[in-house]
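In structure tokens below, several structures.
Look at the two complexes coming up: subunit A is in both, with subunit B in one and subunit C in the other.
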Partner chain A sequence: MVEIAVLLKQVPDTNAKIVVVNGRVDESAIASWVTSPYDEYAFEAALQHTEAAGGSITAITLGPARADKVLKDAAALGVTKLVRIWQDDWQDLDSNQVQSALANAVTAAGADLVYCGKQSADRNQGSTGPGIAEILGAACITEVSESDSAGSYLRPTASGSERVTVSSPAVVTFTKTQNELRRPNVRGIMMAKRAQIEVVGGDVSASQVNFNGHSSPAQKPPGKTYEGSDSVPEVVGLLRDEAKVL
Partner chain B sequence: MEITIIAETQGDNLHPVTSQLVGAATSLGASPTVLCAGGAGADAAAGIAGVGKVLSVVGDCFSTFDGGAWAAAFDAAAGTGIIIGAASAQGRDVVARIAARRSIPVVQDVVAISQGLTMTHPIYSGKAMQEVTVGGDCAVTLRSNTFPPAGDGGSAESATVQQSGDVKIAVQEAIAKASARLDVSDADIIISGGRGMGSPDNFEHLYALSDKLGAAVGASRAAVDTWDEIPHSMQVGQTGKTVNPSLYIAVGISGAIQHLAGMRTSKYIVAINKDPEAPIFKVADYGIVSTWEEALPILGDEIAKIL
Partner chain C sequence: MVYEALDFYDLDSQLTDEEIMVRDMVRGWVDAEVLPKIEKACSEGVFPDEWRVALGEMGVLGAPLEGYGCPGLSYVAYGVICRELERGDSGLRSFASVQGSLAMYPIWDFGSEEQKQKYLPGMASGDLIGCFGLTEPDYGSNPGDMITKAEDKGDHFLLNGAKMWITNGTISDLAVVWAKLDGVIRGFIVETGDEGYSAPEMTGKYSLKASVTSELVFQDCKIPKDRILPGVKGLKGPFSCLNNARFGISWGALGAAQACFSSAKEYSLSRIQFDHPIASYQLVQNKLAWMLREITKGQLLAFELGRKKDNGSWIPEHISLAKMNNVDIALEIAREARDIHGANGILDEYCIMRHMANLESVKTYEGTHDIHNLILGRHITGIQSFTRSL
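What follows is the complex of A and B.
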């Protein structure tokens, strides 16, 4: 039996255009919100782990009411314990605040294992898994691409990869795995409608990071476009003489 | 300002990004202390200009990678102030844990840093940037190939400290890479193929070119999703790897927004695509409107001439 907490973050669809208005990313322009892709692989790994070893999953998110969707999607695949952490200033929480709020929820869930994505598709920081592990006094295995219910995990190394085991409690952060992500059936979706979400406060200390603003990335000056493969020698010449990269 | 740098190592050697970390630290007016895991790369670190001191942190935990154990050892060896590491997988893990141990904030993948401490880092894989200021101590990782490296000719004093941490991760089996090919994360030149390559077999043409250039071969999400032969480890983009090489050659890649997010900060971008309307041309420094079948052989010949 294993108790797994899965951390699911709601992010804009990765195909969404990100627009900055008045120094902030304009969330109202985002049409589609999804579960952060790496978190989906973590969730699938947790489903397989609990199916094989027995036990249960608690799905935890941090965010506004719209983030209930990621929990409902987990409920549609059979997860019954759903927790959303809500903080008024949730957008500007610093790394310590996010980690301590999530670590509190993991502890409350009584989980031995925490599965999450290696990083979120919005902030891209990759701090949450290792940071929570530190707070929980747990090991953290990062960028896992394969896992099994015996508790063995495949992680990358400079020379290839290695299969590791870990004593619990542990945090495992996932990259893309070979697992096909399952989609809920009609019965699951009906069940998810009735699923109860527990909303808890983050109960965090003050932020130590001052948010100055968002901006659009610097635009490159337009490049040159050449017609046809006859132009290849000229481009190679420019790469050598103008760009000096060859 | 006291700055401690966690050296990035490659086996027993210092990774070149370490000089970039030192360059950033000295630009802030610091004379940083460099910590070397298990003493790896300590001599090379002492030779980087501007380094104040090199500490070889020696302990049993450094025989394998366990971010928790390493963070405990580094935390004990490092002074207060600012901790700087590389935004690699291991660097992010260790630095995040040091920050959590100290209850100080961590800001990862920083691309600009100035006194204050004001930092800019990409969000949404570079579709936007975020600027933050941290008044007190903090931990930071810096994106590679972004900060000018410090030169050599340094002669910092070196010392050894014994520090270790509890290792909780046990390596059961090491698996060598299937091929000796360079990873896109480490490459200075990347040639990426998209679904326009037509079949995974045609990536052989990209490998042949990459061998000439010492380049890594990457792929778009469309290619990775379509062909099992193209592994996710090659994927460049928002749900793959974010790269910033000196030269990025995109072949048969239309330039979906999620791909552009992962490669747009490359210093020079060459795009080869038969569709003149492909969005990749908007970010390309040099666009070639052509089929890859026609352009690649000429590209290979021309490169062979000048190398």
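What follows is the complex of A and C.
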């Protein structure tokens, strides 16, 4: 019976407006937080894995109290082991610190496999899965697009795809798969109301990264307007050679 | 276009975690499975069966009922479900309203233990579809004068009469039918296949096209004695059901209004006339501000009514006010939204005309706008004005 730790990161809704105030993202201005989309693919793969082969799932997140939402959403899909990692004096954890804290929780959960997204939708670093594998001494397969309960994983490559199998312990990071995370139902939502979330802290080493500040993306330059049939060849040329959409 | 729900007073922050999860579940389903298919369903005049299956799988049918496989959610959660469904289409919300409030509720409240166990689990899962037969061809606002009658034939009841404007009728497995037995209105459960029962579909509608509307015909319809609802006599039975359905409509209409507002806002920001977005002109801003004002007031009504339903402090007149007001403003908002969309507003590329046409029915069914005014008039004055001797 396999034990899978699924790592779920809470990120701003991908449609949320991000405001930078005094060099830092103003989290209080973010209206909606969601589970990072690649983590949702990993979660669905874990659900299908345990449904087919038996076993259980521990859902783990790292974040302040608002991150309980992603665990309750997981509980609505039947996950009963829910762990949130946080200490109130934590701020601006770097990748090594995040990986260390998550690896400790994975070990405590007794997980054979770790499933997570290939990268988060907010930081996009893509370092969490491989970093945890390094700490745990586990195998690591990244950017998996298809999986099965026999431990076989398909990952796209530049020239096609490759299928690999792996023995545990292993960390698997998922890219977009064919399987969107299933919707909960009311019965699951009612069960989630009673879900118990274990909150754990932990010691993390001093950060090696100094956070200097956030900034908004540069504003796009204004668009160009072309008028009249004489400009058609030029527009076609730009669409083909610059925009590369033709 | 990503749907951004208008919630000017941040009322959804008053929802419980559970209510928010239910909202997100239904909203996500409507976005993914309803909106891409609704125009085709309307043009073909069908209610897609996959929606019945999905509603059952989500577990939202009979939302506020407890036990017998029913969800046991709050009335506010039920309202939120109706709002999210009707953002998709009033026909979809009608399906859920009729199933939950008009067919499941009377069995849950007035049925025998055997009836509850026989029907409710299957209805909650969507495996059994129910409908509600009250309105007759000649008796709409005045159901007390219904003609349909039941006769006690010793070992069975015999039903004769006809019902009209029955949502879900043709696709139903069972109908909760109100008929006079010895001059007293009683509820009966009629099953598809019962001798002398048929439910032909009504066609030619310009409204609620993605909803099945039917006649119910009882011609010496023979049903077993254990199909009578033992727990209620008189108009209290059907009116209890209607109170719950009207409550759902008061929320649902806001979903349609919010969809129209959202479309009008987006359109006005992107439509350029006289070198500027039409949203930059005062006349258009006035329309949008009016929509926001009315939707927000409607939301406050619905939320407060929901809390009253949950704590038991409501009276039927509260529901009349909310149903009447919220459908009325939703219809006017749809009309204003069509105006903002200009000629494009009549196309099925936008949701406007569909919602507008649907809301014409919603304004009339489950107690017409005028009847709700008369209910409130009676409440204010103590004088009923529904009927008089002329």
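Simple rule for what comes next: the second predicted complex is superposed on the first by the 224 of 246 C-alpha atoms of A that agree within 3 Å, B and C clash if a C-alpha of one lies under 4 Å from a C-alpha of the other, contacts with A are read in each partner's own complex, and residues count from 1 in each chain.
Quick note on the criterion: a residue touches a chain if its C-beta (ideal position, glycine included) is under 8 Å from a C-beta of that chain, and two chains touch if they have at least 3 such contacts.
Computed from a predicted structure; not experimentally measured.
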Next item on the list: Could you say whether A:K72 touches subunit B, subunit C, both of them, or neither, answering first, second, both or neither?
Entry: second
Notebook entry, point to check: First (subunit B), second (subunit C), both or neither: which does A:K220 touch?
Noted result: first
Next item on the list: With the two complexes superposed on chain A, say which partner A:N15 touches: subunit B (first), subunit C (second), both, or neither.
Entry: both
Check: subunit A residues in contact: does subunit B have more, or subunit C?
Finding: B
Next item on the list: Determine, under the contact definition given at the top, whether A:L239 touches first (subunit B), second (subunit C), both, or neither.
Entry: first
Margin query: Output check: A:V200 vs subunit B and subunit C. Expected answer is one of first, second, both, neither. What do you get?
Written below: neither
Next item on the list: Applying the touch criterion given at the start, work out whether A:I189 contacts subunit B, subunit C, both or neither, answering first, second, both or neither.
Entry: second
Next item on the list: Could you list which residues of subunit A make contact with subunit B in one structure and with subunit C in the other?
Entry: 15
Check: subunit B touches which residues of subunit A in the complex?
Finding: 12, 14-18, 20, 25, 37-38, 94-96, 99, 118, 121-127, 130-135, 138-143, 145, 152, 154, 156-167, 170, 175-176, 207-217, 220, 222-229, 231-233, 235-236, 238-240, 243, 245-246
Next item on the list: Spell out the part of subunit B that touches subunit A in their complex, as residue ranges.
Entry: 10-11, 65-68, 71, 89, 92-94, 96-97, 99-101, 103-109, 118, 121-136, 138, 168-178, 189, 213, 232-233, 235, 238-240, 242, 246-247, 256-258, 264-265, 267-270, 276, 281-291, 294-295, 298-299, 302-303, 306-307
Item checked: Contact footprint of subunit C on subunit A as seen in their complex -> 15, 69, 72-73, 76, 183-187, 189-190, 192-193
Margin query: If we count contacts the way the header does, which residues on subunit C are in touch with subunit A in the complex?
Written below: 2, 4, 17-18, 21-22, 25, 28-29, 57-60, 63, 71-73
